[in-house]
Structure formats: structure tokens, C-alpha cells
Amino acid sequence: MCHHVKKLMYTVNIGEPDVRFGNMLLEQFGGANGELAAAMQYTIQGWNCIDDLGRRDLLLDIGTEELSHLEVVGALIRMHLAPLKTNREAAEADPLITIAGGGGVALFDSMGNPWTATYLKITGEMDVDLRSNIAAEARAKIVYERLIDHTDDQGSIDALQFLMTREITHMKAFQAALESIEKPQFSIGLLKPTPGIVDEYFNGSTGDGDEGDTDMRGSWTTSHGLHVVDPKMDAPGGGLSVQTINGKINGEERGKQDEAQKATTSPGNEAIGKKSSGKVKGNGKAAAKRAL
Amino acid sequence: MCHHVKKLMYTVNIGEPDVRFGNMLLEQFGGANGELAAAMQYTIQGWNCIDDLGRRDLLLDIGTEELSHLEVVGALIRMHLAPLKTNREAAEADPLITIAGGGGVALFDSMGNPWTATYLKITGEMDVDLRSNIAAEARAKIVYERLIDHTDDQGSIDALQFLMTREITHMKAFQAALESIEKPQFSIGLLKPTPGIVDEYFNGSTGDGDEGDTDMRGSWTTSHGLHVVDPKMDAPGGGLSVQTINGKINGEERGKQDEAQKATTSPGNEAIGKKSSGKVKGNGKAAAKRAL
Amino acid sequence: MCHHVKKLMYTVNIGEPDVRFGNMLLEQFGGANGELAAAMQYTIQGWNCIDDLGRRDLLLDIGTEELSHLEVVGALIRMHLAPLKTNREAAEADPLITIAGGGGVALFDSMGNPWTATYLKITGEMDVDLRSNIAAEARAKIVYERLIDHTDDQGSIDALQFLMTREITHMKAFQAALESIEKPQFSIGLLKPTPGIVDEYFNGSTGDGDEGDTDMRGSWTTSHGLHVVDPKMDAPGGGLSVQTINGKINGEERGKQDEAQKATTSPGNEAIGKKSSGKVKGNGKAAAKRAL
Amino acid sequence: MCHHVKKLMYTVNIGEPDVRFGNMLLEQFGGANGELAAAMQYTIQGWNCIDDLGRRDLLLDIGTEELSHLEVVGALIRMHLAPLKTNREAAEADPLITIAGGGGVALFDSMGNPWTATYLKITGEMDVDLRSNIAAEARAKIVYERLIDHTDDQGSIDALQFLMTREITHMKAFQAALESIEKPQFSIGLLKPTPGIVDEYFNGSTGDGDEGDTDMRGSWTTSHGLHVVDPKMDAPGGGLSVQTINGKINGEERGKQDEAQKATTSPGNEAIGKKSSGKVKGNGKAAAKRAL
Amino acid sequence: MCHHVKKLMYTVNIGEPDVRFGNMLLEQFGGANGELAAAMQYTIQGWNCIDDLGRRDLLLDIGTEELSHLEVVGALIRMHLAPLKTNREAAEADPLITIAGGGGVALFDSMGNPWTATYLKITGEMDVDLRSNIAAEARAKIVYERLIDHTDDQGSIDALQFLMTREITHMKAFQAALESIEKPQFSIGLLKPTPGIVDEYFNGSTGDGDEGDTDMRGSWTTSHGLHVVDPKMDAPGGGLSVQTINGKINGEERGKQDEAQKATTSPGNEAIGKKSSGKVKGNGKAAAKRAL
Amino acid sequence: MCHHVKKLMYTVNIGEPDVRFGNMLLEQFGGANGELAAAMQYTIQGWNCIDDLGRRDLLLDIGTEELSHLEVVGALIRMHLAPLKTNREAAEADPLITIAGGGGVALFDSMGNPWTATYLKITGEMDVDLRSNIAAEARAKIVYERLIDHTDDQGSIDALQFLMTREITHMKAFQAALESIEKPQFSIGLLKPTPGIVDEYFNGSTGDGDEGDTDMRGSWTTSHGLHVVDPKMDAPGGGLSVQTINGKINGEERGKQDEAQKATTSPGNEAIGKKSSGKVKGNGKAAAKRAL
């Protein structure tokens, strides 16, 4: 159950409105890494989590805070976009919000894309979701940093600094929650990866020029048991194929060029309407093979 | 530059097609955590990364492999969906693919949503992107595990086990690449969080019942310097407000109920067309003449 | 600022899970007329409304309640979808939620469409928004009624009856708020409609058969000053054209058939690359007219 | 059946093209409250309505007129966007339409969002749909008013004034059609709301400051039988919970922290591939309980 | 299986970055007719095509090349957008890419729309798909031409000229592949069109003014056996109706105005909750007819 | 200007409703290749085309007819979906339309995707658009054929046969209109492709196995002047690179691994808030180079 307190979590005062900056701020309101995305991701993860009440509480605590952040960002944007209501040139900074929305904040990003639930990453597997959340907080932090870099208004900077700080707080909490599960670092779910194959680093992009196109090695090709496997591009059927033949469905025959296509166009097979065509039978009974 | 080898990275042979399972497999072809999403996320991160040639190579190696995986998953799906072409009941498992797509694999998920670039997480900040990639691999791993849980076809299981294994390989490589940057664990970008506030864990969701609704503590409320801050819901203007007043834009006045609304409807102010209203009224007050 | 209480606004107990019904319930969670849509529409309207503090409070009161409803619906769905986690046939009721989401509730509708902010109707004009809200509540009410019609589980019916009831409560409050503005019924904004034309009911769809295709009259063709205007389909250039000529931009000439097209393909005008083409000049300078 | 008359419903003549204004006008062509949305909403409501032939006629009359409006708005936009074809700076007003569309009008809004059927509100319940239509006309009216406020071109103003006027005409007709059904004001569908609960106005957003954050009362908290119910935030499990316990599915047990999670990661339970995992059985047979 | 070579298919060198042009170039990266759309359309058509190995090879050859083109366009865009990273005014050319994406190329078009698989046209019918591909290449060609028209940077022009040229190459190959099937020109699939009706050109848009609104004839009204059929707008129930009555479902009765609606609102039929309503029975048993 | 005649263009009578088939039919109502897509594509192409009045008339004639088709398909679907209103099992065929739409037809496809303008292909270049239209008609024809294959209801087959026939009619007309432009077959727009390169068929997908993975030749590698160019995968920096070096922006230096990344995380450079960071200056003035 939700309760709203008619006070912002962080006071927002700004000097001169900057409509282009207000437009940029929409990234954190209706954007892919914004506060609504964070609020919904954590809150819904929490609602689904009924067998781990401690981490459920964590998810609900932070999900709720992100909703309060949404309100703070919204207040900041509303102030910066205020000139849209009375100034034609300002309106061009965001015609959608001016004409359709009357100049207020709305769930769009800086290019007008409507917020969509495809932004969310929710799997219902606690340790996986915590990794998604840690990454989400890191993204939100860098976005706030970039926004701070694009304004000189001190009131805006103060509010953004507060919001940016909280992302690090959340990152710490999610990291602690992940560590406390005490799973091995690369263990996800129940099924084990196949030994051997799991340690092969495939060198799928190759080159040997001197303009940044030479193959490079790093700890990521040798750590955690990994070793490099190179493609055999000069061998017949080369590349990084793990097995030596292509796949098939039981009894499948590969058609022969031209004949297959022409079969569908033989005038003798054509029919008006459905009367004489070899057709798909309804109701799931053994279907006549279509001459296709 | 891309080159295609006419051989699957992993041979796919299946026994009996299972159209409902084929439909589920679409999650890894055109779905949010599927192979195209992985391929595009890493490859584009790599193309943008021109000042870190080692990790660029890593991103291109793995992005390329994911494209090869897309082909393997596609082959698997094509085989399982084959009955859509000739059987009405089978067709009901995915009418979109049957009627519009002719029964072949396409860039939709199991519920028919078209693939969208909103699935991608790309910030252009290397350590942030690596965290997004680690989380993406963890998600892909658990999705493959769930798919394996939903079939008994050994050929399908073998191919999915291969693909699932490779996600762990990639997770290892991205983790190694993150570690090798040697940034402090909670340092993102250049700007530091505000001391003090960064350590406050806000208890935004409260309760004290015995049905899982009591507040719980865990390492995530005390680790990495964190400590709990409780809301003051019984205080005037309570909650977790960090400051004591709400925000305002310079010179902004809060309107009074009713008058504001009625101002816009006063018959005396109404006009036919634009003849006598040469401007937008702002906030019920005399609006600045717009810069038209 | 938001606060979460770890207790549902309405207790949800169900008997036997019904996965297909759980899928239908998603309409009120992540669907077009669902609780998140209502919560976001009213809350954001409220945040934008700073010159009418009374109705702002109304919008925030109801917006907050809708968030609590979202949680109740979510709990109901989670329970009905529980079998997705362990049963293959159940999983087919919603493969997206099973495979990608681990069987939990998520922001999709019953056909898997992700929630999108395009569902929202927010104009920033109080009386217009109240009309949108009244309509939204009416839609939500009828959707709950249909859901009740599709289940026999008493616990589910009780919860849905509560939620359905609240929509009527909100409808009453929004209606009262609209009435209290005391605007004339058909007065929107400041600009008056053109007298005469505003009273013409255009009979744009005509017929005279006996299968429901005869023109019909009702109070909607005669009330509020309206009267019917019929199209003149048998006159030259007939129909319901208000003026007698088509429009033009100053100095615009309508091209002549074929010549216009052929002009773009005359071999003499073709060029390699950009070298000799009559091209658009960059940088906004007086551009050469393109032969198009 | 549709017939097109090669003449605009309203003649459109403009003076000097204004590309930024042309871009804004797209809101009424391919935007959320634009003419296509209106045309499709009413027309499809009409096509579905076979048991109320009078109101079906109304819906088809107005739906058809909106299509004619779409053509008028399209002509207006085409004229204002004409400079996109020959001028680089103009092209920046809408690069999507310039580069992909060749400078013509298209089904996008002012920020380039493609038109989507999620804009439509169609429930198949006549009185509900009429409320949606009244709100839609009110929104369209205010959008036209804002557009008129953003131009000084008299030809454009004339055309927009005509279109704006017609929205009021339609609003009148839909209102008359709603009134003629003679349903009680808050009666939707067949099921009655629960007495008592239906009259409780929940005060979900509270405050007592002097910056617009104090609770306010209005006719909306007392009219139509309503009275205010305040939350008990200082009571254990406080808020606006209607019942005293949280919900459960039959026999559901809430898991205990940590144990639940760790169960999925016990090394002894891990397995290679699917061989020894407690797994979900295919084909909907009694599924083994997964250790999840 | 895919292999990446760390070298561009075409060298991209540019002079001065032009951020607005970089934004326009996004049309060919993440836009509707861009390189990813082409790559995915042809590649997936190829993967599905197992009974025509020659044309499968064609589709994979060209699909692969389009991926290489995507990389070239991406490099070009990255260079033109470079100033987004350090310049506020430049950032306004694409705030989404600046703030969320760190200034790199991403899968959006010039107005920020995320790439979506709805751009693709894949039917699984070879000759149909080849027609879609020919059209796709023609669209891509004209888009490249327009882009060349919007820049003066020689390096950019060279790269775009290369990419534009290749679209013609592909158009040739797809055309040859279509011709080699040797189907009659208007033969699609197996079912024949109805003789007579197939040759009727319906004159659905009529007029007789002198402003471009007079009916015109062309070879398209007389070639390939076509002849014009005019609508009878002045006849009762006129137009271009092919038959003389409207349709019905077996036993369907068209309702009568008002009565139908009022039936759903008769107070006597109303009920609290589900107790006494004529309701839909669950589980697919013979359902009681709802009084609707 | 549009006029509606209250009679279907083709009478629709069906026998027994088939809800699953009704769901499939949605592909031609709100689907990617459906009647609304055709109507909008041609009509908007026509509205934009003011310099070729003959083909404008063609586009409006056919665009208008497609709207009439939309109505016919809608009537057919409404009849087949009728059981959704009263039967729970039927409702499961399309829960979105049942619960949200009341069982009527709506602008979704068979998997519930809302219609989107991204389905449309409009470039404003007549010959290109005609190619897109020819392909669109071919797709619509095959979709109708597949629908006919999935039903045994004679009334449905008759209506679908009519609609399918008309697609061939339109294909003929568009083809005639394209031919009458008399452009050379591979001439698009004004700019010529680069000689030499335009004739090179790149063999981008290679192989030599015996399971359908051997390179194949066809007329598409030799017609219209084409000849095959093979990749040099065994050469250093091999593949199909047209030039020998990678691209660069003027003065761009490729960073060196690790140093670049570490530079952004040097503790000495970190700062609280924006106070001491090397930041981007606002307002487009010469921006300080960010340490990125």
C-alpha cells in the first residue's frame, strides 16, 4: 500500500529556466534508465519475491525511494520547461510536450519516446535481478553526472547531486544483498555449464593491421580459467564451428534450387479460390502436405 | 566487416517438433534477453569504443559470437515451428508467424512482440557497460535454463546446453575486463557522491505484522558503511524528506484554487478564432508577449 | 514523496489458481486501462498542477490510491500465475512471463504488450483532464466487471468487486471537481468556436437499405442547437466541402502528369556521386531548387 | 464502404511556410489526440455496434468526418513542410520526414513517434465509449487552440479554427447521445458497486505545510455522497488498508530469508545439462516440484 | 556462423564533424530503411529458406554485406557525433544519444525512435520476399541520395556513394533472382484471383474541378486487362458495392436503437458483485447468454 | 474529403463462428500487411503527390478502396469473434479483445500487437513508392491465400477470395504506373552508382560442405552485368574490404588500452558535485575538453 506525503524528498529551487536542459532531464523521468524504470523494476521484483522476505523488504525500500525521486526530477523538469507555455521559440525545444501536454512534465524521454516496460529487467531469480539492479544504478549514476555537466544552475546541480548520490547508496545495498547470498561468482540457477567449452574464449573478431585492428589480449582472455580459441578461416567450412555438420530435423530433406520454387507456380496447380487447391486441413487432423 | 560461414556454430538436430516449445524459444531469438539483443549491445559498444582497443576487441569477439548463436537458435526454432506450415491446430501456437511469416522464425518474442532497440543498455562508459553486460549474461543463462526445463527433446537440450554454457564464458570475460580496470567498487564516472547522504539506507517501506510485513534487516542495511534511516510518518510533513521546504522556481507563485481555473473560462476573455487573443496566457497572470 | 506500507490495501485470498484468468487479469496491471495507467495519469497531472492546489490534492489522493490498487491486482495475478513455475501446460498460458519473467507478475497486458506511456491522456488543462479521468474510470469499471464475469473464485471476485467499487468512487470525485469549475458545458479553453458551423451535424455516412443501413436520426442530431447537413454527392465535386476550391501554398503550381516524374530520370541529368547534380545546399543558404 | 471526393472539406491556403509550425501540426495528423486517432476510434466503435443502429450511425458520421479532417490537416502540414525538400536548415526541423519521407506529411507526431493504435480507447460499451469520445473531443479542441496560439499565418488560423469548431460540434453530439441513454450518472455496466465503500474518499496524499502542501477539501470530497477517510499512518500497519491481513493463496507458505535463495545454489544440487536436475516435466503432466 | 574482420568494408575519413548531419545519418543505422533492417530482413529470409539453396545463398551473401555496411555507417555517425561529448550546443542535436548513450552511435533513427522489427517484411514466400527486397533496396538508394544532398564533406560523400552504389548492386541481384523463378508477372502463391473482378479498376476517388481534382486516366486504368468501373453515388446505397446486401452471421438480428442500450441499464437487472447477474460461466461450458 | 456509404463493398455472410480463425483474420485488419496499412500508405502517398496528378489519382483510388476492404475484413472478424462475449473458453483466443475491447474488432494483429505507422513505406519518390506498393500487394495476396487455407467456412472463403483478387488488381495498376514512368530498370533518383563497384557481387557467405552449405551460383551472380568477387579470408586483414585502411576523423588518435579507462577513475580527478570537475560548458561556447 502506498502513501503520498505532499513534500518533495529533496527541495528543488532553480534560478533561470533552461528549456533545452529541461528537455534533457526527461531522460531521468520517462527515459530508459530513469526513475520510473528503477521504481517499477525494484518494486515489481519485490512484489514477486515471497520466499525471501529480507531482500523483498530491500527491493520495496529502494523501489519506493525511486518513486520519490521521480517526483523530485519531475519538479525540476516542470520548472525548466515553464517557458514552453508562453514562448514560441521555447516551445520548439519540445513541441510534443508543448502542444499535446500543455508544457508540463510527462512520461517521455528527451527525444519524445514514450516510457515503455521494455526498459525493465525482471527475471524473478534473485541473484540475477540483483546484478541487473547494480548495473541499473551504475547507469543512472553516469546519466546524472552527464546532466550535471550540462547545466550551470546551482539549484539544479544540488538536486541532481542528491539524486546521483542516492544511486551509489542503492548500488551498495544491492551489492551487499548479492554478496550475502554467498553463491559462487559464476553460478547462475541450478544447471552447470559444460566443462571445457565454458573455458574457451572464441576469437570471433580478427585482424592484424596497425590502425587499432590487431587482435589484442587481456586478462579477459586468460582469467577465471579462460583460454583463447582461434577460428580456422582458411580451412574448408572454417570458423568457430563446434561440431562438424549442420543440423536437421528428423527426416528433413533440403530442397533443390529452382524446382522448389517453380512447383508453387506451375499453372496446372493453380486454382480459383480454395476449390481444388492442396490445402491445409482445419482442426489439427493429419494435414495434407501443401505443395510448397 | 562481417563474414558469414555457411555452417552453424553448433549442430542442431531435433526429434519431434514441438510447436509450443518452438514458440517459447523465440524469447532467445527476438526477445528482450535474446541473442540479437546481446549481439547488438556488445557490438555497438565495441564500435563506439575507440580509446580502449583491448576491451573493444573483447566486445567485438563476443558480439560476433552472439550473432552466431542467433543463427543456432533460429535453426532450432525453425525446426520446432515446421508444423505451422501444414497444421491448423499447430498454427494456433503462433498465428502471427503462421499467417504473416509463413511459419519461419522471425524477430518476435513468444508473445509476438517485435524486437526493439529499447532492450539494449549502452552508455558508452566502459565500466558501466561491463556491469550491464554481466547482468545481461546472467539473464540469458537463466532463460536458457528455463527453456531446458521445458523440453524433453535431447537434441534441443544439447544445443541449449551449449548456448547456456557460452553465457557463463562471456560472464567470466566481462567480469575479468571489469576487474582489470581497477576502479574502486562503487566509483562510477568522475563525480563523487555526497558524503553522509551516500551512507543512509532509507527505510521507505514499513510494517510490523506477522505475515511477512515486518521490517527486516540484512547486511544490505549495514555493509559498505550503510546505516538505516527511518521515516517520521507521525511528524507534520513527515516521511523521508531531506530538506524542510518544497521547491520553487524563482518568483513562482502558487495559484489559488478555483480562481486559476475560472480565469481561463471567463466569458469576457473568450474570443472567436485568434482575433482578439493574440497570445497564450501563462499561469492566469499577464503573460509575457511571446517572442514570435 | 512516497511511502510504502507493507500491507495490501485489500486482502487477497484465492482458492485454486487459474492461469488463464491470471493472464486476463494482466489487463488491469500492465494494460491500457489498468491501475498503473490510472496512477501515472492522475499523479503526473497533479504534479504539473501548481495553480489549483485543491484539485492538485484530489489528483494526488486518487493517483496514490491507484498505486495501492496496482499492488492488490499484482498480488492477485501472482497467485493465479503460480502454476507457471512448475507446469509446462500452464506455462503455455503466458510463455513470456514464464520463460523471461520466472512466472511473476510483470508490466504486460494479457497478450504480452509492454506497458507504454502512450496509454496516458494528459493535457495540462484541468477541465479537459477531468473529462479524460472520468472516461478512464468508466473504462476501468467495465473492465473489472468483465473480469468478474470470467471467474468463479470467490476470493478473486471479492477483491475485484472492491477495486471496481473504487472506480465509481473516483468517478464521482472527478465529476464533482469538474462541476465545481462551473464552466459552460461545451466551453473548452479560451477560443470560441465559429458560430453557425458549430451547429452543423454533417451526415457523412449515408444509406437507405433495410439491413441497418438507413440513415437514422436521434437527439444527437438536434440537441444543443445541432441540425443535420446532408452531403451533395450527386453534385460536381460534391460531398461536405465547406468552401468551393482546394487549397494552395502561395505561388504553388500543380505539376503535370508524367513530365514531373520523367524530369527526375532524364539520363542527361544523372550524375555520379554528387559532382554535377542540382543539389541541396548545406547550411541553410538559399538552396538551389531541386528538379523534383 | 468509403468514397473519396477529390476536394478538401475545408480550403487550405497559407502564406509563408513555417517548418517548425508544420512540425507542431503533426500532433493532429499522426499524434495521440489527432484526426486519425479520432477517425479510427469512432469508426471502429461504429463497426462493432450492431445492436444500436442510431448511435452506430452517429459514430460513422463523425468517424468519416475526422478522416476528411485528417486530409485537411495533412494539406496544411505538407505546405508548411515544403521547404524541407530544398533547404538544409529547414530539414533540421524534422530530419526523419526529410530524409526518409522526402519532405511530405506522414503518420508521426511532432517528435517523430509513429502513430500507434494504443492511442485508441474502445471498450464496446456504448456509454463508456461515449465518455471516452467526449474527452477525446475536449483534448482535440485544446490542442487546436494551442496550435492557433503558435502561428500568425491567417490561412492556417482559418483552417485550424474550422477544425477546432467541429470538435465542439462532435462533443455536443456525443454528449446528447450519452444523455439519451438515460442511465444514472454513475452507473456503468450491470454490476453495482459495494455500498459504503463507494462513498469513502481516501485521503492518500497528506501534508500540513504552507507551501501548497496542506490537505485541502473541495466539493469532490463531499458531493455525490462522498466523505473523507484519513489514513492511520501512526498505527502499526497503518495507512488505508481496508482489511487487517495480507493475502495468500491456499496453502502458500512465505519462505524464510536466505534459506530460500541458498537452496537454489547448493553445489550438491547443481547438474550438468538437464540430466539430474529436479526439472519441470513437459506436456502438462503432473510436474515435479522444482527446487525453486 | 558469423566472423568479424577488424577492418571496415569501406574506409571512412571525414573532415569537420557536423552533428546535425550525424543525426540525419542515423536513418541508415537504426532507421526504418537502414542497414540493420536490410541485414535482418535478408538474413532471416535466408535462414528460413531451406528448400531453395541457391537463393538462400544469395540472401545470406547480401544480408552479411548489409551488416558490414551497418558498421561503415556507424563509423561515419560516430565521427560526426563526436562533438556531442564536449559541447552543450552540439548535444542539443541529439540529447538522447548525448545523455543516455554518451555520444556514441546507437540503434535509433534521426528522431530518436528505437529500431523495431516491425520495419521488416518477411513472408517466407520467395517471390514475394524478393519483391519486398527490391523495394527495400530502392528505398535505401534514395535515402542515401538524400543524405549525400545534405553534406559537403567529401569523405562522407565518398562513403555514402559507395553504400548507395551497393544498393543498386543488390537490386540487380534480387531482380535477377525474381526473374529466374519464371513465374507469370501477377501470379502470387497458388490460388488464382477471380476472373472479371480482377480486371476492374475501381474509381474510388472522384472529382471534376480545375485545381487538380478532376479524374484522370492513365495506362494504369487500361493496361494488363484493366478497365475502369465508376461508383454510382447518386443511386440508393450507391458506391462501389459488389453485392447488393450487407452481411450477417447465421441467425444474427440487428438490434433496435435505444432498447438495446437501455437493456443493459435497467435498474432491476443490476446487482451487487456477481451474486445475481446473468453471467458468463467459466471453464468453457455452455455459457449463459449475457444480457448484453 | 471522405464519404461513407452504409453498405459493405462485399457482402459478408458466415456460418459457424470460429474464434481462433477470427483471431488470425486480425492480421489483415490491424496487422503489418493489412488493409489499414495499405489504405494509409497509398492515401498519404497520394496526398503528398502534387506534381503528378495522374498517379495521385491512382493512389487515392486504391487507398480509398483499401479502407472499404478494412470494413469488410472488420465485419468478418466481428462475426467470428462473437463468441468471445459469452464464452470463457472462446475468450482465451483473444483475452485482450475480450476483456478490454468487449469482443469487437480492434486495431491489433493476431498476437495483440497494436497497429503502428512503422508498418508503412512512404518515401515521396514516385517510382520507389510504386515498388513498395507492388511488394505490399504481393504480401497481402499471400496472406489472404494463407487465411483461405485455414478455414472451411464458405462465406468466409468467398469474402477472402474477393479481397485476395483485388490485391492482384492493384498490383497490376501499380505495375502499369511504374512502367509508364519509363525509367531504366535500375535507375533510382538522380545520382548514378559508381561504375565497376556496382557490378561486383560480393560472396559474403561462404562454405563447401555437402549439407546445403556449399557456395552456389545463379543468374543473380551473373545477370545485369554482375560478377562474383570472393573474400580473401586467408589474407591479413582479409574479407571484402574495398580499401586498405580503416577510417578516422581528422586528427583523431586511437587511445591506448587501460590508460584511457583509468584516466576517468583517477582518485585525484574525482570531485564532489560539479565544483572542481573539468566540465562541459553550457550555451555552446567553446567547451572545456572533458577528461574522457
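Just so it is clear, A, B, C, D, E and F label the chains in written order, and each chain counts residues from 1 on its own.
Keep this in mind: a residue touches a chain if its C-beta (ideal position, glycine included) is under 8 Å from a C-beta of that chain, and two chains touch if they have at least 3 such contacts.
What you are looking at is a predicted structure, and each value in this text was computed from that prediction instead of being measured.
Annotation of subunit A and subunit D: jointly contacted by B, C, E, F, touch as defined at the top. Computed centre separation for the pair subunit A/subunit F is 24 angstrom, with centres defined by C-alpha atoms. With centres taken as mean Cα positions, subunit F sits 2 Å from subunit E. Looking at subunit F, one finds that residues 1-9, 32-33, 50, 53-55, 57, 60-61, 63-65, 68, 75, 88, 91, 100, 102, 108, 111-114, 116, 118, 123, 125, 127, 142-143, 148, 150, 161, 180, 189-191, 193-194, 204-205, 207, 209, 212-213, 215-216, 218, 233, 237-241, 245-246, 248, 252, 254, 257, 272-274, 277, 280-282, 290 touch two or more other chains.
Taken pairwise by the contact criterion, the protein chains are fully connected, each one touching every other.
Across the interface of their complex, subunit C is touched by residues 20, 23-24, 27, 31-33, 109-113, 142-143, 146-147, 150, 204-207, 209, 212-215, 231, 233, 239-241, 252, 254-258, 260-262, 264-265, 269-274, 277, 281, 283-284 of subunit B. The touching residues of subunit C, when paired with subunit E in their complex, are 18, 21, 148-152, 157-158, 161, 207-209, 211-213, 216, 218, 233-234, 236-238, 245-246, 248, 254, 257, 272-274, 277, 279-280, 282, 290. Subunit E contributes residues 1-7, 50-55, 88, 91-92, 94-96, 98-100, 102, 108, 111-114, 125-127, 180-184, 187, 189-195 to its touches with subunit A in the complex. Considering their complex, residues 1-9, 30, 36, 40, 44, 47-48, 50, 57, 60-61, 63-65, 67-68, 71, 74-75, 78, 100-108, 114-118, 120, 122-125 of subunit F touch subunit D.
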